[in-house]
Amino acid sequence: MENIGSFIDMIFVTAKAWILALLGQFLPVWIVVLASIVISGVAILCLGPVIMMYLTLLERKVIGRIQNRYGPNRVGIWGLLQPIADGIKMFTKEDIVPANADKLIHLLAPIMTVVPALMIFVVVPFGRQMTAADLNIGFLYFIAVSSITILPIFMASWSSRNKYSLLGGMRTAAQLISYEVPMTLAAVPAIMMSQSLSTNTIVLTQAGSFGLNWFIFTPWGIVGFIVFFLCATAECNRPPFDLPEAESELVAGFHTEYSGMKFALFYMAEYMNAFTLCGIAATLFLGGWQGPFLPSWVWFFGKTLALICIMIWFRGTFPRFRVDHLMAFAWKFLLPLTLVNILLTALWQFTSASAAWLFSIMILAAMLYMLVKLNRVFVPEKRNYVLAD
Amino acid sequence: MAAILVFALGVVTFRNLFHCALCLAAALIGTAGIYIALQAEFLAGVQILLYVGGVITLVVFAIMLTEHLAGKTVRQNNAQSLPAIVGLAGFVTALIALILKTPWPVTEAALKAKTSAMGLGEALMGTYVFPFEVISIVLLAALIGTVVIAKKDAPEERP
Amino acid sequence: MVTANHLIWVPVLPFIAFVVNIFFGARFLKERAAWLSVATSTVACVIALPICWAVFRGAHFANDFTWLMLGTTPLKFGYLMDPLSATLLFMVTIVGTLIQVYATGYMHGDPRFSRFFAYVSLFMSAMLTLVISNNYLLFFMAWEIMGLCSYLLIGFYFEKDSAANASKKAFLTTRVGDIGFLLGFLTLFTAIGTLDFAQMNTLLAGHVGHTALNTGLLSMAALFIFCGTIGKSAQFPLHVWLPDAMEGPTPVSALIHAATMVAAGVFLVARSFSLFMLVPNVLPIVTAIGTITAFMAAFIALTQNDIKRVLAYSTISQLGYMVTAMGLSGLGAGTFHLITHAFFKALLFLGAGSVIHGTHVQDIREMGGLFKKMPHTAVTFIIASLALAGIPPLSGFWSKDEILLSAFGSGNYLVFGVLLLTAFMTAFYMFRLIFLTFFGQARNHDVHAHESPALMTLPLWCLAVGSVVIGIPGSPFMHHWFQKFMAEMVHYPEYEPSAVVMACSIAVAVLGITLAFVMYLKKTTWAPAVAKKFPSFYRLSFNKFYFDEFYVTYLIKPFHALGRLLFGFDANVVDGGVNGTASVTMFLSGVKQWIDTYIVDGFMNFLGTAVYFLNSVTKRFQTGVVQNYLLLAFLGFLVFIILELKLT
Amino acid sequence: MIAIPLQHILIFSLLLFAIGLYGALVRRNIIGILISIELMVNASNINLIAFSKYTSLSPETGQIFALFVIALAATAAAVGLAIVLALYRIRKTVQADEVHLLKW
């Protein structure tokens, strides 16, 4: 029984190994190595778009339910073929480039957006031994690459000479920079506890006791997770942090001037980022693919999809931030909280369990109280808006 | 490497500042590649994170705030490019000569030595803790200073 | 389970309360500040009591760490839990907590509410530190902090000049004694080379009898240390500050100037008891001072009209009792009286405070017939007064009886007589106070008295119970357990309880009460008659033996005169010289000015013009364009490199 | 195991530095100057790491200093850009040679 379980668990790994073995029969070694790389790469390259397509479907369905609609249900059973249809539509649409746009960059931007989004997949541990490349600086790699995603947005917003795009770009810059800081800091505790930057090791340290070793079951873990998840939501410009593409304010933010496949690429990048961020969140705090009974990759995708559903739920529920509130939230609330959280983790490491719980709860409570007190939003009696001339 | 140099040239020659910034980003990413080749993965990560994530963003930010969208091309170079080129030529030749002349003490043991993020952290917290503290203070001062300078009507300007 | 290691929290907790209150009290906590202080001292109490109990059961804790090295001898800080400190700890924590609870009611609505509690917490922590400290230095630090707190709290209503002056007076007066104390334990250090109580006890206990140690030095140390006692617990020459200290809020008077701080002086003597036992010729001085203080204060108290002042003088006289007991080497008796006195005197002060709170007057001539208006206060007050007057089986009786006994037993019949007389006067003035305050009919009809809130009466009752039962451990019922308990620490002579002494003390107490009853309820005409009959005595008592006047005339006036003299010297001689110099300088500077304008300046201007011409040439290089500078710098650098390469 | 010999890296970083310096010398736009300075800083970083990799037994040393340099460069960029913004706000220009108040 359990060997079947393990077989299902390792099915992809074994498949790859089998293919390599097959090639190994009649090909030199370096080609086999190359082949293994190619296989992983191809797997990821297929995975990304597929995930994106079905995430769009999922989102439209869930949002539909939240708004008491059906969502797409015409194309195929339960609208399962809807994404394909969208894809075809996107391909066949005309690709409009503004008259005095910065042609080259305008072309490069969407492509550049997809690249890092795909690159991140490399370090995401999809399951037991299913990390494409287990870098020993995996998490740093993730942060670095995801920080690149700012650039294409800049390129897009700059190259399509359009004030809405530019404003969108500005906001993106501010927002992404601001939220990178707490996101990184919120992940630091997990790294401290597992004493490694490698995503795989982080997952392995959370093994055992039916998932009770997941980092989320500790005070610093829960705080870190919440902060990280909020920052992730902001990082991939999803509501309620979607100021860069706030329909009601800037037409569509930085991709106002894009149409057809380029637009689709932006979309794809956004959804893939959402997926990878949720995956990393699950990896850091929810024990990645660790979990009883079910095969590891099922656990991973389950957790990730759950997180994504929460994101969609956010979108269905919350109104949009105001820019200054956004900034204040990042710098005045999340940042101090994460810093205290890191100290807390050190404390946790060096004190006995019970005392650690006590202290952590106390400190966190005090910190939250202070932050809430200090962050009281000052609302003047009368606002007078000066129109721009 | 050549690519990096090309991008670097782009940085200093392009007329449109935004292109320069992008070239800089490319050059920096390339540099990160070199770091990896030198087995300083951690540093490569930091390089991308800080430069491409932080500095370039700031630069582009400043460009967006200061440049005019319709790229009217003003003269980007000032009068002293000729003496600069001449001087630099001399400089480069001299130093290349120097580099080629010097016997560098490259040891096999050094080449074997591995570094890890953990070792880096230990060194940072151990041997080099004092410079580390100093840097932190400098960063803090810079943070405050920047906020103070840019306070007027650009509150988004942060390091 | 509380262990001795938690003892360190006892002083620390109130200190935390102090810090929090002083920094966040006014802004955030406001009325909640009180609860912080009360809570901390309650927790301290909870921690302390089991430890005290353990000590009562015969345990003995000590712990210390080296604070600094004086040459080769380490100076250790730490705590010492022997019978003495255990007793004090027991008393201070309980009384202090109760008084703070009371104060939350009493100080309600005061603008500086939180600050008050901050000070009180600071005081508590200092007092507790002093109690459990194991060496003179730590003791002295706590001692000084207490002085500071007393200063701050007496001057709490610093808008009133009287309060400000009183606080200054208290601070400076006690300062005299403190200097003595400092010199004292420094001398002791030179003599025996340690400041640790336990070490000192063993050291001195070893040398009783033969004089291996320098007795002269030791007796000097003892005298100096006793100066500290005189200052802190208001003994004979330096007692003047305590009555004025009543300017502070009443809980403060109860806590600091009745129960704890003033008792610290006696505690100091008890701490250094082995020293006092060793040096023969100091104890008589102690006895004399104590007796004089007791008698004089009681005599003054006879005629005072301010309710709190009466209590203040009674405090002084009771402290005199304790000191006398110490002087008669009755360690047990003295400490015992200290404890009981703490309870009922705190109760008396709180009662007085409740009266003041209810009537807003302090002059007993304006009160009267308050019994029905504020029953709780009255009953508790009367219980306390009975205890103070020494009516069995209340606590005061046993302790006072012990002191009288030690006087009688050691054969100082003069002292015995004086103390009896004092006891008589004590009973008399206390009940004069009671009859004038609570009985008879109201004399001033615009005083509308009302009972205080439960928050204030509850501590009164707790303390009343305390002052009834606290005497039992020292009574024959428990076979003088307390004295034996004390004797475990330092041995001292004990005497057989004698019926004579008991009889005498009861007799004088009853006599005093009845006399007060007659004079102030039945034959109200007698009191003024007596005052007329012996005007000199009356004036002497009413003007407190003219102590303040004496000090003013013979200490403060001369200082002022000296100051004036110096000022005159300054004004005439020094300033004259200065002015003379000034005028001469003026003339000289006139000359110099001419030289400046025409010679120096001329030269300077010439230089200036020359430089101007020059720079009109050189300034061409300063384009102000940064990059030109950069280029120049770079080229210069390049030149250097080239040269370097050529040289190598 | 490292293909590149040290000299090549040094020359490369030298060229990079020279280019950066050229930019710093001839650019008129202050932001351009800042960018060029970033280039120079990078060149020096490469040197630090290369030397520590090739010659020192504990490669951490050079990397840590490279780390410090990166941090300081980021700081410098931030402050410099802030100054540029302030300047732009006051003088409405970012050309270095139009800001020459610091002469006689």
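Labels for the chains are A, B, C and D, by order of writing; each one numbers its residues from 1.
Here is the rule we use: contacts are C-beta pairs under 8 Å (C-beta built on N, C-alpha and C of every residue); 3 or more make two chains touch, one makes a residue touch a chain.
Note that the coordinates shown come from a computational prediction; the quantities given were computed from them, not determined experimentally.
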Worksheet item: When B-C is set beside B-D, which has more C-beta pairs in contact?
Response: B-D
Worksheet, complete the sentence: Distance between the CA centroids of chain A and chain D (whole Å) is 33
Worksheet item: Approximately how many whole Å separate the CA-defined centres of chain A and chain C?
Response: 66
Worksheet item: CA centre of chain B versus CA centre of chain D: separation in Å?
Response: 5
Practice prompt. Give me the residues of chain A that touch two or more other chains.
Written response: none
Response to the item:
Where chain B touches two or more other chains at once, the residues are 42, 46, 54, 58, 61, 78, 80, 84, 91, 95, 158
Fill in: Residues of chain D engaged with two or more neighbouring chains
21, 25-27, 96-97
Practice prompt. Based on the touch definition given at the start, go ahead and assign the chain network to line, ring, star, complete or other.
Written response: other
Worksheet item: Mind pulling up the chain C residues that touch chain D in the complex?
Response: 615, 619, 622-627, 630-631, 634
Response to the item:
Interface with chain A, chain B side, in the complex: residues 16, 18-19, 22, 25, 29, 41-42, 44-46, 48-49, 52-54, 56-58, 60-61, 64, 69-71, 116-118, 155-156, 158
Discussion item. For a test of understanding, state which residues of chain A touch chain B in their complex under the given definition.
Written reply: 100, 102, 105, 135-137, 140-141, 143-145, 147-148, 150-151, 154-155, 158, 161, 163, 166, 169-170, 173-174, 176-178, 180, 195-197, 324, 327, 331
Practice prompt. Spell out the part of chain C that touches chain B in their complex, as residue ranges.
Written response: 625, 627-628, 631, 634-635, 638, 641-642, 645
Item to complete: Provide the residue numbers of chain D that touch chain C in the complex, in ascending order.
Response: 21, 24-27, 33, 96-97, 100-104
